[in-house]
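Letters A, B and C mark the chains as written, and numbering starts fresh at 1 in each.
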C-alpha cells in the first residue's frame, strides 16, 4: 500500500498508473452528464412556482459545487506541494485552476440567466451569486499570480500560499455575505433553497453533480499527464514512452 | 523581542522621514470622499444613508494604496534579505512591519474618518463607532494586505496584481465594519459587529504573520 | 416525459432563451475544456516527437563531422 502511494507521488509512476483511470472516468462523466441532462431537461416535472425555468438548476448547482470544490482541491494540492515538495501536486493545482474559473463563470452566467424569470433582473445581489463572484475574483488572482512570476517554482509556491489563504477566507466570506444579505434583502426567495424536492427532481441533479465531478477529475488527470510530459521532457522514460507511441 | 523593537523603531523613523508616504493615503481618502457628493448629489439625506459604506470603502482603498510600500523599500535596498538571514523569527519581524504600517496608515485614517463623516452629514452618535471600527478593521486589512504585498514584492509590476489579490479577502472586514456604523445609526447593537471585527483581527493576527513570512521567503528566493 | 411534443420541449414553457442559453454555456464550457485537454495532449506529444527527431538528426550530423574530421 505504502509503496503504491509512493509510486503515485513520482511523475513517472503516476503517469503509468493514471493511464488506466482515464477511459473509465471519461465514460462515467459522459454517461452521467448525458443521462442527468436529458432527464433534467425532458423528464423531470416542472416546478410548480418557477415552471420550466427551474431546469437551469441542473447545470447551475453542479457548476457552483464544482467551482467551490476545485478551489478547495487546489488549496489542498498547494498544501501538499508546500509541505512535502511533491511537484505532481503543483502540476495538478496549476491544471485545475482555469477549469475552476470556468465553472465559476458558468455558475454566475446560469445564475444571472435564471434570475431574469425568477427575479425579473439579470443581476441580484443574492448571497450565493455574490460569493460566487468573489470566488471568481479569487480564481483570477491565483491564476494571475502564478503567471506573474518569472520562475516556475516561485510562481508555484506563491500560488499555493494564495490558494491556502483564500481557502481559509472562503467560509468567512460566505458567512459574512450571507449575513449581509439577510440584513439587506429579507423578502426575495433564494433560487436554490427548495424545501423538499421529489426524487424525480433531485435524482437527475445528483447524477449531474457526480458527472461534473468525474469530468473534473478526468480533465485534471489528462492535463496533469500532459504537463508531466512537458516538464519532464528531457528524462529518459519520457523519451522511451514517446518512441513507443509512434 | 529586542530585534522586534529595533525593527519597529527603524521602520517608524524611516517612514516618518518620507512624509509624503504617510500623508498620501490621507489626502487620497479626503479626495475620494469629496468626489462622491460631486458625482452623486449634495443632498444630505442621501449622503447620510450611503456615508457608512462610502467612508469604509474609501478608507479601504486608501489603505490599499500604501500597501505596496510595506516591503518594497526594504526589498529594493536589500535589507529584507538581511531580515530573512537574521536568527530572529521572520514572522515576528514581519508583524512589526505590519504594525508600523497600521500605525501610520490605518490609525490616521480612522482618526480622520469622523471629520469626513461630518462632511457627508453622517448622523450624530456614530462617529465614535466609525473611528473604532476603522481602527479595528484597518489592522486586519494591514495584516491581510501584507500577505499580498509580500507575495508581489519581487514582481516589477506588482501594484495592480496586489489589489486583485487582496480586495476579495477584504470583503468580510468591509461588511462588518460598515455594518457597525450602520447599526450605530439605526440604534442597533454595535457590540456584536465590533466583536466580530475583533475576532477577525485575532484570527488574522494568528495566521497572517506566518503566511507573510512564507511569502517573503518565496519572493526573495524565487 | 414532462412535455407533450418536441416543440413544447424546445419552448420550455416560455423560458426557452433562459434555459437553453444556460445549458448552451455549460455545454460549451464542458466541450471546450475536454477538447482543449485532448488538443493539449496531442500537441505535447507532437512537440516531443519533433524534438527527439531533431536531436537525433543533430547527433547524427555531429557524428558525421567528427568522422570526416581526420580525413581533411
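Heads up, the rule we're going with is that a residue touches a chain if its C-beta (ideal position, glycine included) is under 8 Å from a C-beta of that chain, and two chains touch if they have at least 3 such contacts.
A quick note: this is a predicted structure, and the numbers were derived from the prediction, not measured.
Undergrad: Computing the C-alpha centre of each chain, which chain sits at the greatest distance from chain A?
TA: B
Undergrad: Looking at A-B and A-C, which pair shares more C-beta contacts?
TA: Between the chain pairs A-B and A-C, A-C carries more contacts.
Undergrad: Can you name the chain whose C-alpha mean lies closest to the mean of all the C-alpha atoms?
TA: A
Undergrad: Between chain B and chain C, what is the separation of their C-alpha centroids in Å?
TA: 45
Undergrad: Taking the mean of the CA coordinates per chain, how far is chain A from chain B in Å?
TA: Those two chain centres are 32 Å apart.
Undergrad: Between chain A and chain C, what is the separation of their C-alpha centroids in Å?
TA: For chain A versus chain C, the centre distance works out to 20 Å.
Undergrad: Among the residues of chain B, which are close enough to touch at least two other chains?
TA: Residues of chain B never touch two or more of the other chains.
Undergrad: Can you list the residues on chain A that touch chain C in the complex?
TA: Residue list for chain A touching chain C: 33, 37, 41-46, 51-53, 55-56, 59-60, 63, 99, 102-103, 105-106, 109-110, 113-114, 116-117, 215, 219, 222-223, 225-226, 229-230, 233, 238-239, 242-243, 245-246.
Undergrad: Sort out for me which residues of chain A touch chain B in the complex.
TA: 82, 134, 137-138, 140-141, 144-145, 148-149, 151, 153-154, 157-158, 161-162, 164-166, 168-169, 172-173, 175-177, 179-180, 183
Undergrad: Using the touch definition up top, name the residues of chain C that touch chain A in the complex.
TA: Chain C residues touching chain A: 1-3, 9, 12-15, 18-19, 21-23, 25-26, 29-30, 33-34, 37-38, 40-41, 44-45, 48-49, 51-52.
Undergrad: Name, in rising order, each residue of chain B that touches chain A in their complex.
TA: Where chain B meets chain A, its residues are 147, 151-152, 154-155, 157-158, 161, 164-165, 167-169, 171-172, 175-176, 179, 200, 203, 207, 211, 214-215, 218-219, 221-222.
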